[in-house]
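Working notes, beginning with the structure itself.
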Amino acid sequence: MTPVVGRKATGLVAATFTPLTPEGEINLSEIRPYIDYLLEQQGVKSIFVNGTTGEGMSLTVEERKLLAEEWCNKGKNKLEQVIVHVGCMSLKDSQELARHAAEIGADGISVISPSFFKPATADALRMFLQEVAAAAPAMPFYYYHIPAVTGVNLRSRDVLEGIENQIPSFHGLKFSGSDLMDFGQCVSYCPSHWSLLYGIDEQLLGALAMGANGAVGSTYNYLGSSVNRLMSAFDKGDLPKARTIQFQMQDILCYAIKLGFDLAVNKQLMSEVSGLALGPPRLPLLPCPHPKALSIAQRLQQILGEQ
Amino acid sequence: MTPVVGRKATGLVAATFTPLTPEGEINLSEIRPYIDYLLEQQGVKSIFVNGTTGEGMSLTVEERKLLAEEWCNKGKNKLEQVIVHVGCMSLKDSQELARHAAEIGADGISVISPSFFKPATADALRMFLQEVAAAAPAMPFYYYHIPAVTGVNLRSRDVLEGIENQIPSFHGLKFSGSDLMDFGQCVSYCPSHWSLLYGIDEQLLGALAMGANGAVGSTYNYLGSSVNRLMSAFDKGDLPKARTIQFQMQDILCYAIKLGFDLAVNKQLMSEVSGLALGPPRLPLLPCPHPKALSIAQRLQQILGEQ
Amino acid sequence: MTPVVGRKATGLVAATFTPLTPEGEINLSEIRPYIDYLLEQQGVKSIFVNGTTGEGMSLTVEERKLLAEEWCNKGKNKLEQVIVHVGCMSLKDSQELARHAAEIGADGISVISPSFFKPATADALRMFLQEVAAAAPAMPFYYYHIPAVTGVNLRSRDVLEGIENQIPSFHGLKFSGSDLMDFGQCVSYCPSHWSLLYGIDEQLLGALAMGANGAVGSTYNYLGSSVNRLMSAFDKGDLPKARTIQFQMQDILCYAIKLGFDLAVNKQLMSEVSGLALGPPRLPLLPCPHPKALSIAQRLQQILGEQ
Amino acid sequence: MTPVVGRKATGLVAATFTPLTPEGEINLSEIRPYIDYLLEQQGVKSIFVNGTTGEGMSLTVEERKLLAEEWCNKGKNKLEQVIVHVGCMSLKDSQELARHAAEIGADGISVISPSFFKPATADALRMFLQEVAAAAPAMPFYYYHIPAVTGVNLRSRDVLEGIENQIPSFHGLKFSGSDLMDFGQCVSYCPSHWSLLYGIDEQLLGALAMGANGAVGSTYNYLGSSVNRLMSAFDKGDLPKARTIQFQMQDILCYAIKLGFDLAVNKQLMSEVSGLALGPPRLPLLPCPHPKALSIAQRLQQILGEQ
């Protein structure tokens, strides 16, 4: 089997929030303006949908299909990449979503480790990933590593070991961990057609130094424009400027963290900054009080205005 | 609304494994002999299906329905209680399973905390539970607390606070934690029609002293007969005898733990002891090597034969 | 070498606070009235000094010697047992304190696992304990297990394995963990001259059912009288009464926990209840605001008055 | 009070191992050749003594004094900086060591958070540090942050808040954590006369990008020469070369980790590589089997020879 030929994901990838109506149902009508906002206001050309930021695990399989389809349809000829997260607790559900992503013309699929039952070894995890990938063998496949959320502390480098033999469509990694040795070991191992996308936005600069090809994260929904300048400065070797922007991002996040920052607040913050109507999160997350998100949005504007 | 009238779950409740074919598909034909085995060989009269032991989270919604239906049908007029676990990462999936459990005549439903997105407070968790319970308001409802698996460390006592106002069908707790202060606080809070079922089999005796009404666990599949004697000894005030049986159970488990004990091993052990064909676990769990389960089964027979 | 013959520690053992002056120096003059208070007001006849409750790790070796000496001197012919905790991060310091405890006529010594550098295996920990015990071979020796504080999660049962060969003076265990399987396995392993003392006060009843010989804890400083009645009820087989008292203790602690309960608050609470002047804790602990301890003391009186 | 004027620590700082005799006593005679080795073979000009690598917490106060004195004496006119770690579980012991470090002419002192009793807030920790610093007010003072070892997860940025008001001699940070947002926030906060030294050797490159002034670590004992080239490449903007060296270091460490890597192995590895006789570690650490360290040393030579 020849490797899947797919464009390599680079640059910034926004992990999109899932628009819900005030009643908590998925709101497909907000997807077109969301894509336009990312392209026009943030300069972000790729998206990662139905992932952690998108509350994928709180959605039904049917809802995830409807959303993925809308993101792909509305992003066609506009976005560079639409990567659909198809990870579920159940392998069978993941396989169904993988097949569906292939049918709707997604640019890639990504899978997080199951976390209720946790794979005991890198081998077990790789077998799980392999079974999902095999359901959509032509889809570029990205493993999604986020140990703080899943509690699965297997080193990514161990998961990558020989993975191209088991998953010919393997294309890269969304690495949302702070262990930059593990990340560096992935960089030094990976062939040139893989993408190593870093996922902890507030320490992106460290990962770029270690060799990241790009970044996936929730803050690029509303800070994409700033972080595009960070990446551009880094590419030109202007570390002081890159640091200045990174520190601004950190200042914004630290302000948010002191107020209490979780996915619900993050989602409401995006609504405040973008003007989109993303709606509430779904239970077990509780809606963010409006003034809290507003306060963070104001601080964001203030800090970015200072630059 | 008047409280749901349901029989109170007491005594031992086996958390059943899910029979799979060698190919990993659900195997409904093994359910009838499974129920007979529990009744005839172990003296266990109630079951908890599609829970952690049953790999519920690795199954699709459709599979869970088929299984729940078969357990209810085959258990009718034989078992005292069939409690169906309907917890999912997605509230909507849980609601669908709750409605289904009501339709098929289950004796109760139980819900674990969602664990990918974790409720931040006891209030948030209670709201999630309420939304599920409201989908099947006539079903006796049990909250399932298992912090070591979910990573949700909210105290059960806090979750119970005022829960009868939000969930009139609330009926009790499956408490699978080692914090006996929290458990004791639940005991002292609970009205007489609730059941407080303890879920860490190897320290049941401590929970009985603290006031447990019964127990739900995986080991009761193959140690139910022994533990029924433990409970009977405890009820008669014969602590030395109860301890002897508890220590035997612990000896068996410690032997298993030294060999490497997880749900896959546990499932294979049940096949060895019972003669049922429960099949492999589903990924991300890997099948247990046959000799390992056999060795544990032999040790089990040896220890119980010593009594 | 013949085993050390020592009286077996049973019943309640108060883990004493260390009296400090308002300036933070050790206050030996408060020790005599402290002992009298325990005997006369709480009916507690044994003590465990310089342990976790006693802020042993925050004291210098010299201070620990002075304190141990005073506790032994003032307790002579009054107390049944004075057990001196001699655990330190440095083996040499522990050995010096062990020798000193023998010189001053302590009834036993106890050692916690070092926790900055953690023993990797039960063997390594047993070797550390052996080296301390060898410095005072005639002192009854108790291993002190408290994984939540030390982060050392080695199972006690594994530490006990063959320990009498390495430590002929071994006499028992202070088990401050919630894993009652591990505790039960210690009970079933231990010869009759060992003491298995349980150390999580709020779930003592569970450990008594599992076979505890007694209990060491900080709350026995001010709740000893109540818990003596709990133990007496348990001994008579009156579980409902034992539970009632256990639940009262839990109510008090839960009230304290909601207000914020740590060692500093605990110490101030003891001053409030007993009238002793125990002074502040030492840094890195901060003194407890007076109203907080007072509020807890009032709740304590109220709950115990309800009985 | 005017700020302490001290040279700013930059570049590589070796966290030294403590030489012990085969019998486990401190071995002062190995210190002179150790310093010469660092200077001549590794190009490392500053040291951090009695810290984690130096098993400081396993030593007595007296031993730590003797060692600190010898390091200062033998390093005089040779080394740029001798920073003495004076952190202890007991504030009084730390104060005594701080005074002693001042007497013997150390270039700075550093304090780790106490970890048996943990400070509950950044304020409590800052007060502890202040009390130590006040005992040696003319000594440049470095806070040592290493949450994976201490279990103290207070953010360094919060500890630094206003610290110059409480500790006029404050001079910087040894940051041994993987949270580069916290590290970045320290960088953006710190005045130019502070040093921000990074302490997780295997991800140094990420921290340099974020603004680290230098690095303190154990691997610089035997990889100092390589990492000096890494830092030089980074300073010249040659990221590919810096990455190559960082990845080599990671390859060595990953090889070691697969064999089982702890402080005992690390110490023996240094003996193998340097030819120094550093002796065994002290209990609770167990000596490393010779072949294991030899195997790692050979892999190290092989990887570095490949460059």
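When the chains are written out, they are named A, B, C and D in that same order, and each has its own residue count from 1.
Definition applied: a contact is a pair of C-beta atoms (placed from the backbone, for glycine too) under 8 Å apart; a residue touches a chain by one contact, two chains touch by 3 or more.
Bear in mind the structure is a predicted one, so any value in this text is a computation, not a measurement.
> Note the rotational component of the Cα superposition from chain B to chain C, reported as an angle of 0 to 180 degrees in steps of 5.
180
> Starting from the mean Cα coordinates of chain C and chain D, work out the distance between those two points in Å.
For chain C versus chain D, the centre distance works out to 36 Å.
> In whole angstrom, how far does the Cα centroid of chain A sit from the Cα centroid of chain C?
For chain A versus chain C, the centre distance works out to 50 Å.
> Where in chain D do residues touch at least two different other chains?
none
> Draw the chains as points, connect those that touch, then say whether the picture is a line, ring, star, complete or other.
Basically the chains close up into a ring.
> Sort out for me which residues of chain D touch chain C in the complex.
55, 57-61, 63, 89-93, 113-121, 123-125, 127-128, 131, 149-151, 262-263, 282-286
> So in the complex, which bits of chain D are touching chain A?
Of all residues in chain D, those touching chain A are 157, 178-181, 184-185, 187-188, 200, 202-203, 205-211, 237, 239, 242-243, 246-247, 250-251, 253-254.
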